[in-house]
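Should a chain be cited, it is by its letter among A, B, C and D, assigned in written order, with residues numbered from 1 in that chain.
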Amino acid sequence: MTLLKTSKLGIMFGGLRAVSNLNLEISSGELVGLIGPNGAGKTTAFNLLTGVYQPTEGTIEFDGDSIVGLKPYQVTQRGIARTFQNIRLFSDLSVLDNVKIAYHFHVKYGLLETVVRMGRYYPEEEELEHKAIQFLKIFNLDGKKDEIAKNLPYGEQRRLEIARALAAQPKLLLLDEPAAGMNPQETHQLMEMIRWIRKEFDLTILLIEHDMSLVMGVCERIYVLDYGMVIATGTPQEIKNNPKVIEAYLGEEVQ
Amino acid sequence: MSKKWLSLISMVLAIGMVAVLAVGCGGPAKTDSTEIKIGGDFEITGGVANFGKSTVNGIQLAFKEVNAKGGILGKKIVLVLADNKSEPSEAANAITKLITQDKVVTVLGPVASSNVLAASQIAIDNKIPLLTATATASKVTVGDDGKVKDYIFRACFIDPFQGEVMANFAAKSLKVKTAAIYVDNASDYSKGLAQVFEEKFIKNGGQIVAREAFLAKDTDFKSALTKMKASNPDVIFIPAYYQEVGLIVKQARELGMNTPMIGTDGWDSPKVVEIAGAAALNNTFFSNHYSPEDKDPHVTSFVEAYKKEYGQVPDALAALGYDAALMLIDAIKRANSAEPAKIKDALAQTKNLQVSTGILTLDASHNPVKSAVVIELKDGKQTFKEKINP
Amino acid sequence: MDSSSFLMQFAQQLINGVSLGSIYALIALGYTMVYGTIKLINFAHGDVYMVGAYIGFFATTVLGLGFLPALLLAMVGAGILGMFIERAAYRPLRNAPKIAVLITAIGVSLFLEYGSMLLVTPQPRTFPAVLSSTPIHIGGLIINSQQVLILGVSLFLMVVLTYVVNYTKLGKAMRAVSFDTDTARLMGIDVDKVISYTFAVGSALAAAAGVLVGVYYNSIDPLMGIMPGLKAFVAAVLGGIGVIPGAMLGGVLMGVIEALVSGFISSTFRDAAAFGILIIILLFKPAGLLGKNIREKV
Amino acid sequence: MRVKAKRDLLSLGACLLLYAIIQLLIEVDVIGQFWVLNIVLIGINIILGVSLNLINGFTGQFSIGHAGFMAVGAYVGAVMTVKLHLPFIVAILAGAAGAGILGFAIGLPTLRLSGDYLAIATLGLGEIIRITILNIPYVGGASGLMGIPRLTNFTWVFFATVFTVFFIKNFINSSHGRACISVRENEIAAEAMGVDTTKYKVMAFTIGAAFAGVAGALFAHYFYIVHPASFTFMKSFDLLTIVVLGGLGSITGSITAAILLTFVSAALAGYPEMRMVIYSLMLIGLMLFRPQGLFGNKEISLKFFNRLKGGSPRDAA
């Protein structure tokens, strides 16, 4: 079943066509990679999918509905969560609070219950805390739940960001360079974790990555972007041998 | 700046603050039997600080003079000042401090009617007389129920009186039919006078052709003046204080408006001439308490003493402050006591008192009954135009 | 009112507005320059303007100087004051939250206002007529020679400043500091010095405005900087804060709006209209008229 | 959780005790009129400081027009009692509603702005509110609205303050509050986590404005008169000072700063000429000394203080 489908998706910044004619089709449960040289428009594509930018052309269908024109928070509420290339944690808050916030739109209690602390407030807060800690456990962060996010080491910040995105309970998870700045060992662990969470949470994952070992090792299918356009798509094996891809990465051969 | 230096400064400041707190919280001050404490709840900071300062100068001059002559009842008279930041709630705060912490027997001030109104209820509740030198709103001394407030007095004209004087002057002496009003929208003094002027002027058969407003501290009046010019009034009434008046007159003349302009006692300051220039002020008139041409020794001696003390010519507020202080001194003398209740009774019976601006008697509503004069500015000189008795 | 007299009035109001606006612009230039470099709303700017006016006043009355020497003296004096303020009150907070610096700026502003009130009393002073003022009549319209001078001076300063910021070494350093302070430092720019000079120039501009306004309205007092300072800031934001021609445009626009509102709607709503238009413009152009809307990169 | 519910009750009890002690001291005249007035002012300033902190400190929206909302609350409240002869509680609620509705109406469009632009817009709005009041003859214009009965007393102020502090503390420690804080921390990430940032900005702004309205209504009914001069942008700056001095995002900080600054102001009343100079130097000194505010974004965790003042450390609920 197709979960995400874009057709002829594109955006112009001034006169610059950052992404054009982008056709993605991702089925439920797939783990797809989006690669391309620097400036190819990968993050812009993410921003289009999540409503940060509004496309100037084309359509995005998610779970059967168009999500063009929705605000980022509405997209998230529909079931797309993401991480950021440059980590965007709530850096002055505790690790636990970071995760709790992602839970926010599942909370049912109203303003009045909040203020008088009656009704659903305590039970839901209790459940919230419980669930948040569960997520932290998965990422091995539960021991640091009261630490301030910005004081975590880099690798843990990356993990926390993924944990936070998961807490929003998405159907589709977008990871923007999750392995950036990690050493090979950490990358390897991350790879394992990505596989595991997909299975555990029945997720569909689309990830941007520069680390080829991660992409090739974990993705089932890959889109290659260059100058805002898809230049190739296929399995890791196919991509590896695609001359267009090699050209895009290594530059045009001197004739 | 080095860190050390910084923390040193901060330390000093912190200690200073604690010290200030300690002093401030030190409880009621001790009463000294050799002095009579008078409170001064004034606009020392904030928007109308200049008016507060003038009034306080006038009061302090009077107190200094009386103390030099040995004081009253054998005691020195002392002014304890408190700042009200030109704001009603702070005026209430300041008077509460003066009454309950400093134990003053009477409070002088504030300048603005709204500040007096905020302070007056506290004076009444504590049975301490409050004498304002300058608040012109009728409601200051008379409550909403029409009853005179026992403990509240004033030393200045009330809005209805001056407003009527100038409305009559416009209609009868200048013989004009149309008037424009240019009012300071942030000042209750100005608005109160404008309202009375408008009523009386219309009653006299006149017509108000333009109503414009500015805000205190404005410096550019040309837009509103240009608009006024188009409606071609015979006279422009500007109930405001000298700084703005000077600028308004100057800019109006620059715009080629030769209309006569009239105003009230707020105009009384040599600054008006300095700002507007002597020529621009020809054909302007304002009501005041006294005329400097009036060679009354009380007037001249006050002006001289003030000049000597502060290096400047007194404005209307300084004169009124001085008068209020004289009223109070007179009342304490007549009461032969510094007890608030007795001072209050004596103040109410103020009669034919010679003050710097004339002979003053308080009426049943605690408002001064004194004649007003209309002054014409001719080549920068104040000249007597006519006298109006209440 | 027939149409010709309406047009005359309209034209006169435009003249009034532009002349008032050039004063706002003059103050706004310094405001926008300081903001452009260190992104600080320097609320004390209006008070430096007041101090400048007082220096000019004492230079002409006590020292008996003429207009130009007094103007220069005021600019130098205020420049030093500006550098001192920056050194003592803002520099220690370079890495502090912006809002803390803002509170400090408010503190400095209060200190200047009430410190001067202690020194020179709250009573207004009248500036001696050191410049001639002659009304110029152009077919029924009236303009004062000093108004022309003020407009000329602010246009001149705008051009000079634009040149300084865009083409001189100091200007380039200022823009570098504004763009990225840390990188600028790494590139060998003495950031402290650049900021110090920025304050000196900005404060000198404020003082020039103070003296000119003092001469034009010939009345100065310790609280004279509050409203013009606020309005100049609004003007700077209106034009696009940090952009020098924007300060000019914003200032003139503010003046014209005020004049037209007082002239044709109601003078009582003059200030409200000025603020209202600012808000409306910001809603459509969030960075002001000439400001570039920089979008955060995601 | 049980523990937390219990702690809420405990601090409430401590508040009642504090109230009883102060009320007793007032009754037997140990605390004189002047200090009662200043305690009332402290309460009003706490309400204003804490409510502004919700907007500036917790939600990170740079607003400096708080005096405007206070003015609306004061005038609406005063009209209720003076002109319509309604009971005091109605006046307070109407003041809150009036300021809250205006806050909502203003917040919706302007909160799209950010940083200094929002600051100047809110400053402008505060001034527009004041100028508008100056032009309404029904409420006295420049003369102010007079003849307001003194209905505010220590009891009203105390309980209004406690209510405000508890309201905002509980709000902050809920999912809604965390959503507001996430806006401050990183607006883009907050959106990406499903937080409707506009909604929460407007919500914080509305709640903050409504409490400013409560403070305004209490203020109006203590000083017999409301006057536009009380609500200038200098007042907004004073309130901002409370928030920044106490620490952005610290309720106990705002409370402490409100107490401190009110006392300083009262103490300086005896030095009228030097008052503002000393005050301004203190402000500069304190900011240089603690640019992050007295408590940063932390809450005081000393238990006795916490109980005494009704504040509480942010529970990790």
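FYI, a residue touches a chain if its C-beta (ideal position, glycine included) is under 8 Å from a C-beta of that chain, and two chains touch if they have at least 3 such contacts.
Computed from a predicted structure; not experimentally measured.
Asker: By the touch rule set out at the top, what is the minimum number of steps from chain B to chain C?
Answerer: Minimum number of steps from chain B to chain C: 1.
Asker: Any idea which chain sits dead centre by C-alpha averages?
Answerer: The most central chain, going by mean C-alpha position, is D.
Asker: Based on CA centres, what chain would you say lies at the far end from chain B?
Answerer: A
Asker: Between chain C and chain D, what is the gap in Å from one C-alpha centre to the other?
Answerer: 32
Asker: If you average the CA atoms of chain A and of chain C, how many Å lie between those two points?
Answerer: 48
Asker: Where the centres are mean C-alpha positions, what is the separation of chain B from chain D, in Å?
Answerer: Computed value for the inter-centroid distance: 34 Å.
Asker: Could you work out how far the Cα centre of chain A sits from that of chain B, in whole Å?
Answerer: 70
Asker: Of all the residues in chain B, which ones touch at least 2 other chains?
Answerer: 6, 45, 47, 185
Asker: Could you say which residues in chain D touch two or more other chains, in rising order?
Answerer: 134-135, 188, 273, 275-276, 281-282, 288
Asker: Which residues of chain A are in contact with two or more other chains?
Answerer: Each of 52, 84 in chain A touches at least two other chains.
Asker: Going by the contact rule at the top, pick out the chain B residues touching chain D in the complex.
Answerer: 6-7, 9-10, 13-14, 16-17, 20-21, 23-25, 28, 42, 44-47, 81-83, 86-89, 92-94, 96-97, 99-101, 112-114, 117-118, 121, 126, 137, 139, 144, 184-188, 190-192
Asker: Which residues of chain D touch chain A in their complex?
Answerer: For this pair, the touching residues of chain D are 1, 4-5, 8, 166-167, 170-171, 174-179, 181-182, 185-186, 188-197, 297, 316-317.
Asker: Can you name the residues of chain D that touch chain B in the complex?
Answerer: Residues of chain D touching chain B: 32-34, 37-38, 41, 134-135, 141-144, 146-147, 150, 219, 222-230, 232, 234, 263-264, 266-270, 272-273, 275-276, 278, 281-282, 285-286, 288-289.
Asker: Using the touch rule from the top, collect the residues of chain B that touch chain C in their complex.
Answerer: Listed in rising order, the residues are 1, 6, 45, 47, 49-50, 52-54, 185, 212-215, 217-220, 222-224, 226-227, 230, 243, 246-247, 250, 254-256, 271, 274-275, 312.
Asker: Within the complex, which stretch of chain D touches chain C?
Answerer: Residues 56, 62, 109-110, 112-114, 116-117, 119-121, 123-125, 127-128, 131-132, 134-135, 188, 233, 237, 240-241, 244-245, 248, 273-277, 279-284, 287-288, 291-293 of chain D touch chain C in their complex.
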